[in-house]
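Note that subunit A is present in both complexes that follow, paired respectively with subunit B and with subunit C.
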Partner chain A sequence: MEFLRPRSVREALETFQKTPGALALAGGTDFMVGWNMGLLNGKTVVDLSRIAEWKGIEAGKTGVRIGSLVTHAELQRHPLIRREFPLLVEACALIGAIAIQNRGTIGGNIANASPAADTFPSLAVYEAVVHTASPQGRRAIPFLGIFAGPKKTHLRPGELIEAIEIPYARPRPSAAYFRKVGTRAAQALSKTVAAGLLWLSRGKTVAESRFALGSVAPTIRRARKAEDYLRGRKLTAETVGRAMDLVEAEIAPIDDVRSTAAYRFAVSKNLLKEFLECRPR
Partner chain B sequence: MPAVGTSARRYEGPEKLSGRALYLDDHDIPGCLFGVTLRSEIPRGRIKNVVFDRAFPWSECVVATAEDIPTNIVALIEDDQPLLADGIVRHALEPIALIAHESREKAYEALRFVRVEYEELPPVLTIEDSLSRREILYGSDNVFKRYLVRRGDVEKGLRESPVVVEGEYRVPHQEQAYIENNAMAAWWKDGALTVMGSLQCPYYVHKAMKKLFGLSDGQVRVIQATTGGGFGGKEEYPNMIGGHAAALARKAGRPVKIVYDRSEDMAATTKRHPAIVRHRTGLSRDGRLIAQDIQVLMDGGAYVTLSPVVLSRGTIHAPGPYECPNVRVDASVLATNTPPNGAFRGFGAPQTLFAAELHWEKIAAATGIDSLSLRRKNAFREGSVTATGQVLKESVGAREVLDLAVGKSGYLKKRSSYKRWNRDPKKPCWKGIGLALVHHGGGFTGSGEVYLASRAAVSIGRDGLVRVLAASTEIGQGTNTLFSQIVADALGLPRDLVAIENPDTAKVPDSGPTVASRTCMVVGGLLRRAADDLRSALLEAAGGSIPQSRSKLRQAAVRLCAGEKERRFEASYEPPAGVHWDDKSYSGDAYAVYSYAAVAADIEVDKTSFEVRVRKITTAQDIGRAINPLLAAGQVTGGTAQAVGWALYENVVMKNGRMTNPQLTNYIIPTALDTPPMDVILVEKPFSGGPFGAKGVGELPMDVPAPAIAAAVHQATGILIPELPLIPETLHRYHDQTQRQR
Partner chain C sequence: MIKLNVNGKRRSFSGPLFKRLIDVLREDFRLTGTKEGCGEGECGACTVFLDGEPVNSCLIPVAHAEGRKVETIESLANAKKLGVMQEAFLKRGGAQCGICTPGMVMTAEYWRRVGGSPEPEAIRNVLAGNLCRCTGYQHIVDSVIEALGRRRKKARGQKA
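What follows is the complex of A and B.
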């Protein structure tokens, strides 16, 4: 195995150009799982951890820019992220356990493209944008547009994630919701994971709602039909029930070793209900 | 100051904490090859051909197959299991061939260059399948072993009972999930074999090696390496993997080490036996037991291994700790084409006790009497007679542990306040509190201890060093510490003057296997007797008092050894007076004594996700004298956590006879965050036959939480779910069914 350690973005991009099959390594937490299974034997590895440019969190006027190498632990500690993006903080706090949060990065979480990744529902409802860099130039990709399937992205060979930009939610939402239903309290993969933002108008009707679900389809899903249906409606037992039925049509969970499709359907609907009822747990 | 009764420091604690303790894989054995195992991909079939792809440089490897094993039998209870499959495979992952290479990576790579061609046969994968006798795998009826326990007249009792309650309960596999995977090494010198590894029972391995390779006692030496947990998972399986290492080493003429990775360990090695238990219970209107008719069916897997003894413990514990005049337990363990199930903490008892205890919920519903009152009415007391006709003469803490768990947990108050809480549909969760009460026999079942005829010794060297000599292994549970406490007090010496010899068949006598909650109670008892003999001799040599310093002890030791290097004092097992067992009628004193435990499990069920969260386990456990209270409480806490795992999380997903989730990512054991807070109360009802009054504690804690949790889920959701694990998917399925029926 060849192990390369570029010191800058330019060097990193050059390295990938020279060795097209090379594999990026950030925190290594997903990487090491594949390594242990012998899937990476003989590959060239490019360690990104010396690229200082990708390690910062910058506040802008309309949003925040998070370097791809920022760890889940750093995100949880950052005052601005805590204030503006509590759903991201909650998600990061439930990734693996402390050791994983100390090493795992947000860029690695996105690039790994697991259908069960826990930051995705939050990034989806905050409508994040992923910034990439490659020898061909830079791109900005809307968060939902980056995923091609389970463990697959639309990133091109040699294209790296450099930052994630998240706009501030303005006006501030009336309610924010995050919940991970995993296999246990820590070191757990999600069976379903949800995030929601809700803006109510003065008349208590829904001005806007955003709801996203992970682990119940090949990629992260926004519940667009339910969101559209709820716009302008009051939250009653009937409208909530209707929204729950609409969610059912937007997801495609499967039976696997971790859970069943029937359970994931039921819980996904219940999560939407819990979100809309703003019920404290 | 006496050591017994104090929470003396762990004997091997500093070694382990500082990283100096050497586990098998830490041993750098010169010239050692690394061995890997080629396993069956199908559950049942004939092997037509094993094809070694020429693309791999086979000359770098040593390959062993069935032909290389002089007697291809893994000796245990029956002789039905081969060390390597010979022409036929009877379960998925059955070992077919072995490959050794200098490099671990290359050895694994070699596996990818072997292809096995099979003629598949129809597999039998479940208990029902086996019972149907569609395919016969063993004997004439697929039954590995059957036991029948009878007391009184069950049919008459049931006929005369005003209330009869029936129930069927199912419990699944469970993986031991010790920290260290199975690992063994072997080497030969001048026709003699040494095997070293992670194991619980050195003399089981010793016996198996003798048979495999036709060796005499003196030609086999088995050494225990520091062992990272066992829970029964290293009771019988080291015979297999030790045999594999030895076969490869024999052919290679070099040492061979085999260390499983987690996936292989989980998928291929033994698990707890799944079981179906059916109860038909007759009672008086006021809730007194009149008859218990119990059927037990266990899934043994493809070979007999330890199934008969697992079944026997399950059978004897099946009625629970209650007196009933008419009992019948009809128990069988059946053959299936799945990896053999084996020893796991509790050894058959958690399975049958789950059914016995959860059944009280059904009886409570049928009689209108709450399960606590029912238990109080029927629980064992001194003088009670068990289903096997055993009169319980002493140390019966059943009622005491029940009352303590009930009192300390606030059971009664919670029971009624949760009833009110659950009526409010606005609440985000349902709440429940449930009870269970169990007994657990210490030591081998029936005449097991007599057949074992264990021996243990205490020696003193000319250098004044006192040594404990036993084959009982430290597997994290505290054997070394307990032995040093018992022997120190028996001798009247400070504990730091007592050393523990490492279990090594060249140095220690056969004190039997480290299983069955027997180490402290039975082997500790032998050591106490051996130490008493040494004490008398020492007193004589030292002129009437036991020396308290190293130098004085040395002087006495020189006199005592009289020119020899050391003096040894050995004791061998004698059944306690008045203990009798009859194998033919399966009746009598099944165990010298029982330990008792009660749990109150306080839980919540989330209405959104159907997840069960245990808020608190309150448990009282009568274990006789606690030789080391901290270690005893540790056994209770650890066993409880393991039982919470079995009850709520651990789900072995089998597909075509093969575990499909053999990783700790997908086979969910509780983490620290999933392990509930616990209140542990030790009740010390002394047992006259145990050292300083000790009984067993190793397995007991595993028996009791699961049915208490299931009973709590019953109160919370109103649904009696008669199966484990109570994963959210299962709760949701039952909840959905109930909603539909309404």
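What follows is the complex of A and C.
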């Protein structure tokens, strides 16, 4: 194998240009599993972990910019992330256990594109933007636009994730919701994972709602139809029930080793109900 | 060649840079206290500290430890005396077959060093990535409570 270790963004982009088909390595928590199984034998590996420019968290006026190599442990500790993006902090605390959170990176998690990734529902409802760099230039891609399918992204060959920008939620949401449903309280892959943000107007009608579900479709899903339906309505047993029915039409869960489609349909609707009733946990 | 610090000693490694940290520790540095369980980052048996933070050494190419501080289970005791956490595991029966124990003790030791909560829930949470197939965890949690209790007793003793 060839193991290349660029020290800067420019070097990294050049490295990928010279070696098309090379694999990018960040924290290694997923990469190394495949490597240890021998699935990646003979591949060229480009280690991005020395790119210092991608390791910072910067506060801006309208949002925060998180370097792609920031770890899930660092996100949990950061005061601004804790204050502004509690749903991201909750998600990061449930990725594997502490030894994984210390190594896994937010950019690696996105590039890996697992339909079960725990940070994705939170990033989807905060409407994050993914910034990439490639020899052709830089791009800003809306979070949901990154994913093409399970473990597949729309990133071009040699295009690398530089940073994730998350706008501050303003006005502040009336309610925020995150829940991971797994077989075990910790260190389990998700059967279903959900995040929601809700803004209520003075008259207790829904000004805006955002709800996203993971592990129930080939890629992360926003419940757009339910969100649109709820806008301007009061939350009653009837409207919540209608929104639950709409969610069912927007997801496409499968039977797999972790759960069944039927269970995921049921639990997705119940998660939306729990979110709208503002009774997290 | 890369340089790293292992258990307080400066070491160098001149083999393949993609060799797993656990293999370098066990084969090249003869530190066989660190065990391999699953090799997939699920079980935590191979837990060591990288710059003081617990990590799975089966998921780390040795290149990622370049210029950094690695601590293994061997660093907790000297020839004469076991560490506080090891003593507590011994006293409370926190080890049975022993494969998970080095990783279990390392994660628990991290919790002790950062002043983690002695509540059983908090201990179970921090140990969530360390799997044991023998003890049913109760003795392990008891061991960690024992070690954290000693710290508090000691702190009180010093004040008085």
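Note that in this section the second predicted complex is superposed on the first by the 280 of 281 C-alpha atoms of A that agree within 3 Å, B and C clash if a C-alpha of one lies under 4 Å from a C-alpha of the other, contacts with A are read in each partner's own complex, and residues count from 1 in each chain.
One rule holds for everything that comes next: a contact is a pair of C-beta atoms (placed from the backbone, for glycine too) under 8 Å apart; a residue touches a chain by one contact, two chains touch by 3 or more.
Model, not experiment: these values are computed from the prediction.
Enquirer: Check whether A:G28 is in contact with subunit B, with subunit C, with both or with neither, and answer first, second, both or neither.
Expert: In the superposed model, A:G28 contacts subunit C only, not subunit B.
Enquirer: If you stack the two complexes on chain A, which partner ends up touching A:R5: first (subunit B), second (subunit C), both, or neither?
Expert: second
Enquirer: Is A:A97 touching anything from subunit B or subunit C once the two structures are fitted on A? First, second, both or neither.
Expert: Touch partners of A:A97: subunit B and subunit C.
Enquirer: Using the superposition on chain A described above, determine whether A:A73 touches subunit B (first), subunit C (second), both, or neither.
Expert: second
Enquirer: Who does A:P218 touch here: subunit B (first), subunit C (second), both, or neither?
Expert: Touch status of A:P218: no partner.
Enquirer: Please indicate which partner A:S49 is in contact with in the superposed arrangement: first for subunit B, second for subunit C, both, or neither.
Expert: A:S49 contacts subunit C only, not subunit B.
Enquirer: Under the contact definition given at the top, report the residues of subunit A touching subunit B in one complex and subunit C in the other.
Expert: In subunit A, positions 97, 184-187 sit in both the subunit B and subunit C interfaces.
Enquirer: Show which residues of subunit B lie in contact with subunit A when the two form their complex.
Expert: 108, 428, 607-611, 649, 653, 660-661, 665-666, 668, 670-674, 728-729, 732-733, 736
Enquirer: Of all residues in subunit A, which touch subunit B in the complex?
Expert: 38, 97, 179, 181, 183-189, 191, 257-260, 262-263, 266-267, 270-271, 273-274, 279, 281
Enquirer: Can you check the complex and tell me which residues of subunit A touch subunit C?
Expert: Touch list, subunit A to subunit C: 1, 3, 5, 25, 28-29, 32-33, 35-36, 45, 47, 49, 73, 96-100, 102-103, 184-187.
Enquirer: Looking at the complex, which residues from subunit C come into contact with subunit A?
Expert: It is residues 16-18, 20, 39-42, 44, 47, 50, 53-56, 58-61, 63-64, 107, 110, 125-130 of subunit C that touch subunit A.
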